[in-house]
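In the two complexes below, subunit A is the common chain; its partner is subunit B in one and subunit C in the other.
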Partner chain A sequence: MKSKKKRTPFIHFLMLVTVFISLAPITWVFISSFKTYSEINSSALSLPASPSFKNYAAAFKYAPILKYFLNSAVIVGISIFITAAIVSMCAYVTSRFRFKLKPVIIALIAASLLLPAQSVSQPLFSIFTALNIFDTKIGLILVYSAMGIPMSFFVMFSYYMTIPAEIEEAAYIDGAGFFRTFATVVLPLAKPGLATTAILQFINIWNEFYFALILTSGDRARTVPIALNYYMSTFANNYSALFAAVILTVAPTILFFITMQKQVIDSLTSGAVKG
Partner chain B sequence: MIRRKGVWITLFILPCMVLFAFVYAAPIVTVAATSLTRYTAFEKPAFTGFANFKTIFGDKDFLISVKNTVVWVLLQTTLHVSVGLVMALMLHRKPKGWKFTRTVYLIPNIIPTAATGIMFTLLLNPTFGVIKDLFAFLGVSGPVPNLLGNSKYAFWAVTATWIFYSAFNTVIFLAELSAVNKDIYEAAAIDGATPSQVDRHINLPILKNAVGTCVILASVAMVSQFDIIYMTTRGGPGTSTLNLPVYLYKAMLLENNYGKANAVGVVQIILGVSLVLAIRRLFRSGDGRKTALN
Partner chain C sequence: MRSKAIKKLTALLLAGTTAAMAAGCSAKPEDAATDFGGNGGGDGTVTLNVINYHVGTDYAADYYSYLFDSFTKTEEGKNVRFNFEEIPTTDAFNQKIKLLISSGTLPDIVLNGGNNIIEIAARSGKVADLTPYFDADPEWKALFDERSLEFNTVDGKIYGVPVSKEISYVYYNKDLFKKAGITPPETAFETWEEFFDACEKFKAAGITPLGMDTADSGWLSNLWFSALIATQNANGEKWMNTAYPTDYETPEVIGAAKKLQKMLAEYTTADAAGGKYDPMATHFFNGEVAMFPNGPWMIPDFKNTEKAPEGFYDKVGIMLMPKYGMSLVPTPGDMVGASDPTKIKAAVAFLKYETTVENQIKALEMTGLQPVSPQVIVPAELKANDPLMAEVLDIGAKAKTTYGQNQAYWYQNVIDAFSVILPDLAYYNITPEEFCAKLSEAARKN
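Moving on to the complex of A and B:
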């Protein structure tokens, strides 16, 4: 115990450095977002003479940022739901029963965890254009729902393993059918697993950039991360508004994380260990 | 006992597998097949054998993008994972404020990577970024270098935007350590082990598998690293920050050369898989806990 205390100054110094590198960039962007264009240019580290919301007004004025948020919310919400629905079913029978294709399914899904997103993007780009779902919410929902399969599958697979099969057998003896047993007995018990997959899915696709970039071209389906790319080119000269745009786009994610941090941290660890 | 079990199994698997086939399986087959064809946005695929592969392996830019990708994988699997490991060993000693530090450290990893890209573009801007004040503070005279816009520094400037932000790894290591039976630490304390001895002889061996997992995740992430590079340098200046994903993106959407893009995709997949196999070999141990990845 004594020796533990001796090392503390050094550990606290490193912790301080960590807190600094984590918060300094975003704090600087936050403070600068209230400065005027000339204030930003004259000194990077000065405080705003009088906090101004002009940059935020500009950010709202030059891009329909609320629309991007709405797009993101719709796309992410529906994708999380679809992934949860299809994976909870697939992982259930794969974890509970023996059948010929079982090892193939597990191997395929495990392999797809390693697949670099860009490598398959050209066929998706062309198919989506041919099917007229390029630059639509449906297009991104399809990709994101599928992107969630590998990680969610292994989280759910191992979660079902922890639920004793006797519970279902009791339901069958009571005369419940296969689907009813799954929906009313198993699924409620698997809620924590579903919550984990939902959180992981949220973090991954709320921030997803690459497919949103190549599969959208207009405001119709543009998501929040792509809005940043759009701002970057729009505000190339009026960069003071860029500071406000960054804060507007990261604030909801940070608030979500702070309020849900216990669940987020638990999900991240179970996702990595099982996935 | 269950009636028509086979039918139910099929019904339960089908929706997931259909979507999987549509977004993963069919495209992979298409990529492999069309990498052997001349295929652009304007013409249908026509078989040309390995012509695309000959083209890209004869292209200096492509070779540089492979090199940059591999260097980033090496840095990420060693330095980045080590940073996360050191943080975890430190925070596992539960110093005052460890939970706060863990939470704050996660923030850069939670926000959209596109935002991280913009933030560093702003920070490093030579006209109005913090870098200007930093140089003034250090008393460096002369013009402030544009770290992201100068091919001498761009690679390292981009690397700096992600290499230290290793909180996902830290969280995984901390979870692994918190599952350890506390008796071990008590026994070590009774035997008079110092904290660094505990780290070396207890914690590090325990974390071996978790380190393996994190190294694989780091490698996979770097083989497909795109967002930050696109937001900061788009692979430039010149080819200084060009990697496989950016090269593929350019071949596909700027050159409209789909056959070439898919040949790059094949290389990207092979590189990713070989790296993972190599890492698994490196971390293989008889009693290793089984996960999907290692």
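Moving on to the complex of A and C:
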């Protein structure tokens, strides 16, 4: 009891540090979005002398950020869904069963992790132009879904290894078939793994710049990272408007998580086996 | 039974939604033309594809918007329409244009994005040889000096139309000179010794003498470094006017690196090592550093009260680098990527319009871009409205040594290496000799 009491302040301190590390960057960007160019460059940590929404107006003036934000939301959402659907099945089979080409498949997926984006840009550009999917959302969705497979595969592969095989055996004994066992027993247990892959995919795709640049040519498929470039240029960066644009594009995601956090946490913690 | 029907219905709905999303995601509106290399329109109009990086906060965004718009109102451009792809920042533009060169799908007008891609583009065979168009219009050709055209020539053929000249020199804060008891030279410090004596006086007066940086390409430090090399002797001048040098271990470059190390360690702000251009420019705007090297595109910022305090413009003076040095680089020009003769003709008409004397003056007025043509006479009214710009135009003629600077003349990986190892030089982690050896090593990888 006594040692528990002693540990509490330390845990609180650790929590405070974690909260600070998580919130400090976005708080700094938020405060800076009300500062002038001169204030940002003179003193990074000062408060704005006369806060105004001028930078937010400038953010809308320079780039179609709302359009790009919606593009990002659609592309990221669908890509995550496709990757999760493919990887959840592929990783399950490769982690649970023995078959002839299993090592080759795993090696091939691992090898694709080593491919730099630039090395595939030229063939991708030519294929996209030939298939008439250049400058379309579906083009980017295909690329991002494929790009996410290797890393997500290994996350899910490791996660399935932690689920005891006895649970599946019990399901088989109870008469469940292969697909039912996977869909109703294994997949619910693997939700935390799926959530991890979804978060990693989200971060990677949301920030991806290179493919969004080379595989698009207009506003209908371009994403947030391209929009943020509108505020940067040689000798003429507009950090004030850039920070305002960052807040405008991040805020909806944060608001979504705050309002939906109960559902998100519930979905991660609920499993097939009830206690 | 009921549950089966619901499942079927759900599956159908899911499939339908997915198909609709796929169709919606890949659908292109009718006006979406990504037709690089097609023919001119049948109704007499010609649509030219252009990738424009002068967008967003770019210093020339307003000028290029004016230029494209006003061209379509001229006799030569009345049947021309532009189909723009916007790519913000020159870095992103250069990445994409290199991909388009290798895939052979260049836009009809290839704007110059700072990097010298003339040779790569010319050797790819994807850009038009403009020599016949220059030969057919001697008046247009006469607008350019030989050096500017030569810079845009590969194997005897002109591929680029130069649109401006890039120059740089030193801005100084008149108030800080007065405060330190130093009389600013009329044109330039006669020697580097005089310049360093002034730096010592600034230090003694509690004023930081120089603006420098190391991040990105280390632009400001590079300007000092280039001047230190070029003004040493004839060998230094020759070296600084050589494209793509591979030997950085010459006595002139090593000597310049020694002085650069001293400048970074003793005469600049504490945040210079690792710092970017913007905070360093703010130091100058705020009257925290006395001398700041840069080009004429910075002049509009002196009047911009978002960046500089009210009245700052009047506090700024201009001088050449010590020993009357000035960086003067012909720029890589705009190219024609079209293959259809009608489109080539229309693209050339635009490039001619871009380089008319009137538009060179307009570019100077709106962006600070220096006229490429020696024939341009700047109107007295413009000089009166912008005395600093007038001073820039006058001081250029007094330069005794002119030279290139690294962004135009060095290999890209050497520019990157320069920026990466500058902090080590500033903190004495490496010697000037080691610094130069590392630059040579990077250059030889090309």
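Heads up, the rule we're going with is that the second predicted complex is superposed on the first by the 178 of 275 C-alpha atoms of A that agree within 3 Å, B and C clash if a C-alpha of one lies under 4 Å from a C-alpha of the other, contacts with A are read in each partner's own complex, and residues count from 1 in each chain.
Methods note: a residue touches a chain if its C-beta (ideal position, glycine included) is under 8 Å from a C-beta of that chain, and two chains touch if they have at least 3 such contacts.
All figures in this text were calculated on a predicted structure; none of them were measured in a lab.
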- Quick one: classify A:N229 as touching subunit B (first), subunit C (second), both or neither. both
- Partner chain in contact with A:A49 - subunit B first, subunit C second, else both or neither: neither
- Message: A:N41 in the overlay: touching subunit B, subunit C, both, or neither? Say first, second, both or neither.
- Response: both
- Message: After the superposition on A, what does A:V74 contact: first (subunit B), second (subunit C), both or neither?
- Response: second
- Message: With both complexes overlaid on chain A, does A:I105 touch subunit B (first), subunit C (second), both or neither?
- Response: first
- Classify the contacts of A:A170 with the two partner chains as first (subunit B alone), second (subunit C alone), both, or neither. neither
- Who does A:Y239 touch here: subunit B (first), subunit C (second), both, or neither? both
- Which of subunit B and subunit C A:S126 touches, first, second, both or neither: both
- Task: Using the touch criterion from the header, give the chain among subunit B and subunit C with more contacted residues in subunit A.
- Result: B
- Task: Applying the touch criterion given at the start, work out whether A:I214 contacts subunit B, subunit C, both or neither, answering first, second, both or neither.
- Result: both
- Query: Can you list the residues of subunit A that touch subunit B in one structure and subunit C in the other?
  - Reply: 41, 121-122, 125-126, 209-210, 213-214, 226, 229, 231-232, 239
- Note on the structure: Residue positions on subunit C within touch of subunit A in the complex are 21-22, 24-29, 32, 34, 55-59, 85, 87-90, 92, 95-96, 99, 102-103, 105, 114, 277-279, 281-282, 285-286, 294, 297-298, 301, 306-309
- Within their complex, subunit A touches subunit C through residues 36-38, 41-42, 62-63, 74, 78, 121-122, 125-126, 129, 132-139, 141, 209-210, 213-214, 217-218, 220, 226, 229-241
- Task: Under the touch definition given earlier, write down the residues of subunit B that touch subunit A in their complex.
- Result: 1-6, 8-9, 12-13, 15-17, 19-20, 22-28, 30-31, 34, 86-87, 90-91, 93, 95-98, 100-108, 110-115, 117-123, 125, 127-133, 164-165, 167-168, 171-172, 174-176, 189, 194-195, 210, 213-214, 217, 220, 223-224, 226-227, 230-231, 244-245, 248-249, 252-253, 258, 261-262, 264-266, 268-269, 272-273, 276, 291-293
- Interface with subunit B, subunit A side, in the complex: residues 1, 3-4, 7-8, 11-12, 14-15, 18-19, 21-23, 25-26, 28-29, 32, 40-41, 43-45, 82, 85-87, 89-90, 92-94, 97, 99, 101, 105, 108-110, 112-127, 142-143, 145-147, 149, 153-154, 169, 172, 177-179, 182, 203, 206-207, 209-210, 213-214, 224-226, 228-229, 231-232, 239, 242-243, 246, 249-250, 253-254, 257-258, 261, 264-265, 268-269, 272-275
